[in-house]
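The following pair of complexes shares a single chain, subunit A, combined with subunit B in the former and subunit C in the latter.
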Partner chain A sequence: MIYVDNITKEFKKTIKQPGLLGSFKSLFNPKTEKIKAVDGISFHVPKGEILGFIGPNGAGKSTVIKMLTGILTPSSGTCSIDGRIPQKDRKNYVREIGVVFGQRTQLWWDLPLTETYAVLKEIYEVEDSAYKRKMELLNEVLDLQDFIKSPVRTLSLGQRMRADIAASLLHSPKVLFLDEPTIGLDVVVKDNIRRAIAQINAEEKTTVILTTHDLSDIELLADRIVMIDKGRNVFDGTVGELKQNYGQMRELNFELQRAEDKALLDYGKHFGLGEDDLKVISDGVNVTVRFNSELVPVGDMLSYTLSQVHLSDISVKDADIEEIIRRLYKKEVRIDA
Partner chain B sequence: MLKEIKRLLKMHRIFIAQDLKKLMEYKVDFLTGMLGFIVYQTINLIFLWVIFSNIPALKGWTYEQIIFIYGFSLLPKGIDHLFFDQLWNVGYSYISRGDFDKYLTRPLNPLFTVIVERFQVDALGELIVGVALMASTVGSVSIQWSVLNVILFLLIVPFATLIYTGIKIITTAVAFWTKRSGQITHVFYLVNDFAKYPTTIYNDVIRNVITYIIPFAFTAFYPASYFLTGENPLFNLGGTVVAAAVLMTVGVLLWNKGMSVYESAGS
Partner chain C sequence: MRRFFRTYLPFSRAGVQMMLAYRSDFLFHLIGEMLMCIVMYFVWFAVFESSNGSTFMGFSMTDMTVYLFISFVTSYLTYSDGAIALGEEIRDGSIVMRMIKPVSFDMTFLFQELGGRCIEVIIALVPMCVCVEAYKFCVTGSVMFNPVCFLLFLLSTVLAYLVSFYFNVCYGFTAFFLKNLWGSNVLKDAIISFLSGSRIPLAFMPPLLQGLLTFLPFASLSYIPVMIYMGMYDGMTIFKSMLLQAFWLLAFWALSKLIWRLAMKRLCVQGG
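Up next, the complex of A and B:
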């Protein structure tokens, strides 16, 4: 369905010297350098899949999305949807896609929401009957009826985001691009939007590419993750594979009956674990032990702890996707992708 | 092709309707704009009147003839302002802020959408003043309103309008490289004030600039002088058509090249 093949994007950046004098200098003798925002990214998304496209700020996510939506022209490499290339056949290409940029709106700011939908209907040449059916469905999944008659400028962020998502789906696109659709929203609205995305995906087989910094979006929606950093692919696989590959670090939390018992525990020496595989944090009677469960099974960890000290409480935490991704972003985990 | 044009015209009507609805949301803003324009034009006319009450004619042009040229100059300017005003915003902010993105994700020609998206009702002030000024000279200037001349008049005004639009497309497209070009458009527009008066009153440099380089003289003085004198139709009217065609062609080519280097903005 969507093929991205070794795509790159370079931006020319003028190096400004500081101060007013420097600005004048760079006006007449500009020094430019080339910045590779995207440096050879490839992935493939089959029809009907929800792909979580993630990476730290400045990784090049938006640049890739903008190339895929035909806004930017790639410096090299190709992307295509159903064999269509956005830069060659823009008009037919964009008919197949819906785009939501969370930080921008495509709604007519000064007019009631219904007006935007009426114009989009004409722009995308949606048939009357199809339009009516679609509006009913979108109304139902996104709860638009409360504010559909209000001018867009009076909508809250949550309402505006729902309205924008509806606007992007009006023409039944085959692919929906969502760039940070839950940014700045409260839990209830986030939940509503996630359910809507899941429902549209299930009912219409719409392929979804989703970028977000909210990893719950990814856990709840994404079939697969593509992670990029500094313009390159870092990981491509399912959430399960991510946990399997990078989720060996487990966390043991317990509360000691007597704080001074801490001296009795020496995990490093007992199991022979190095710094990379073990981290012990303690605060009074509360102790947190992060360890590599591939080297030391959870059971061994538990029995050693219980044999050494008396506890009033204990819990073991599973590999948390958020923790894994935090570690990937901070390069704590080596990547062999 | 015909179907495509029909569709574009329909979209144009829809965009105009959207803007009229918007107008109803901001009535005070609209009325203030109209009032401002009428005050501005009145001051201009008082200025002209003061000059001409001391000088009966200027380099062979009578007061009434100059009023006709002045009035004529407001027609293409007003029509361009009325229908094709959104380009200003593109040069001033849409490209630098990345708001241009939305035009690229819709199945409509981006240049077309940008050009017609805004219906600037303020421009009616220019058109009303322009028509009123020309009407006021009826009887005091000798124009042969033959059928041919009426047809030529109706044909030449759109071409004169396209000179404005073409220049605006070119200066706006520069923003794809420079990120902002509203000021460039503005500088070019300042030159159009020269076009309201006979070019014969200027020195060679100014006359050549507004004839051959930024051909605003073809939006008013040259075509108007044809109707006033009947002289040189090939240069006075033909020049307008050629200037419009050249500027629009250069504009569209530059715009298309510009879209491929558009960089959007980080989000």
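Up next, the complex of A and C:
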């Protein structure tokens, strides 16, 4: 459905010279420097899949999304969506897609929400009956009722985001691009939005590309993850594969019978673990130990703990994706993929 | 064609609603311009008083009054601030929200602005024309309203508006390259209002300059419709002038498409 092949994007930044004379000079002889925002990214998304597209700030996620939606032209490489090239025949291409940029709105600032939807209905030539059905569905999942008559500028961020998502789905797009759709939202609204995305994906086989910094979005929604950094591919695979490959970090949680027993535990010294591979957090009788299970097997960790202190409760937690990704972003894990 | 209007008419409706949302801004603006016009009236009144003859370069005081007020509404109606909106959207990157919709930008801006213009025609143009005709009746004692001239005036005003619109779209598109609208719009507007003859009739200018300015696109913006309204042009001149307007419309339309195409190639949308 979506093929991205070795795509790059260079930005030319004009270096502004100071003063009026400077701007005049740079009008005719601009000094530029090139920035490679995207540097050879490839991936493929089959129909009906939800792809989590992640990477640290400035990795180039939004730039890729802009190229896929036809806003920017790649410097080199190609992308095609459902057999179409986004930059060619823009007007027909964008009929097939829905786009939400979390930091912007496609809604009409000064008008009631219903007006924006009415305009979108005409633009996309949505039939009356389909429109009605769609609005009912979106209303149900996203709870638009309470503010659908208010001017958009009076909406809260969460309301606006729900409204924006609804606007991008009105015409039943084949592909949905979401650039940080959960930015700055509370848990309930995040939940609403995730449900809407999951439901649309299930019912209409909509292919979704989603960028986010909230990894629960990824865990709850994404079938697959593509991670990029500095404009290059870093990881491409399922959440399970990510855990398998990089999930050496485990978490041991236990409750001490006596808080002063803490002094008896010195994991660092006993196992010879450095700061990157070990983290101990304690709060009264509760202790959390995060450790690299490749260096120290879970069994050893447990037996050492049990031999040193008396416990009233203990549990071992699997690698959580947040920890893996934190370490990937901080380059603590080598990438050989 | 029906499809076209179904797509873009909602933009006009939105334009009307937006204007109503900011009605006080709009009314104060209109009143401000109106006061300016009245000041100009007294300035010209003083000029005519002090000159010896009842006419000044072929204009009587009555002509001058009609000119002032009609020229005021015409340039008010044909003024297009698409450039500001477009330039601003390019600068802050919100233009992407238009790019992801299956619509032409120029049409969305055009229809949105036309919505507002319809209201202005009703609350500015119609009363102004009634007042001007009443004034002419009082001064000359006879009804001199010419419906044919008036219709041609309307047609020419529409052309003037479209020229103005595409001129401003071209101007706004330069923001793609400069990332900023150079200098102030105030300067641009001041130059245009001088060159277009909406402050001082082009007929008052030295012949050489007058010849040049009549041909330049600026005269198409308001001077031509005003002259038609006042019956200063004969049939042939009207025809030629409107042809000139159509020519400039086509020129700026083509130019805007060209700039757009170039811009798309090297567009950098700003902001994450």
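Here is the rule we go by: the second predicted complex is superposed on the first by the 272 of 337 C-alpha atoms of A that agree within 3 Å, B and C clash if a C-alpha of one lies under 4 Å from a C-alpha of the other, contacts with A are read in each partner's own complex, and residues count from 1 in each chain.
The rule we apply is simple: contacts are C-beta pairs under 8 Å (C-beta built on N, C-alpha and C of every residue); 3 or more make two chains touch, one makes a residue touch a chain.
Only a predicted model underlies this, so the values are computations on that prediction, with no experimental measurement involved.
In the model built by aligning both structures on subunit A, subunit B clashes with subunit C. With both structures placed on the common chain, the touch criterion links A:151 to subunit B and to subunit C.
By the touch criterion stated above, A:295 is placed in contact with neither subunit B nor subunit C. By the touch criterion defined above, A:198 reaches neither subunit B nor subunit C. In the superposition on chain A, contact of A:62 is made with both subunit B and subunit C.
Once the two complexes are overlaid on the shared chain, A:99 sits against subunit B and subunit C alike.
Counting contacts as defined above, subunit A residues 11, 62, 66, 69-73, 87, 90-92, 94-95, 97, 99, 101, 103-104, 106, 108, 110-111, 115, 119, 122-125, 151 meet subunit B in one complex and subunit C in the other.
Residues 3, 6-7, 9-11, 13-14, 17-18, 21-22, 93-94, 96-97, 99-104, 178-179, 264-269, 271-272 of subunit C are the ones touching subunit A in the complex.
Remark: subunit A residues 11, 62, 66, 69-73, 87, 90-92, 94-95, 97, 99, 101, 103-104, 106, 108, 110-111, 115, 119, 122-125, 151, 179-180 touch subunit B in the complex.
Residues of subunit B touching subunit A in their complex: 7, 10-11, 14-15, 18, 21-22, 25-26, 98-99, 101-102, 104-109, 260-264, 266-267.
Contact residues of subunit A toward subunit C in the complex are 11-12, 14, 27, 62, 66, 69-73, 87, 90-92, 94-95, 97, 99, 101, 103-106, 108, 110-111, 115, 118-120, 122-125, 151.
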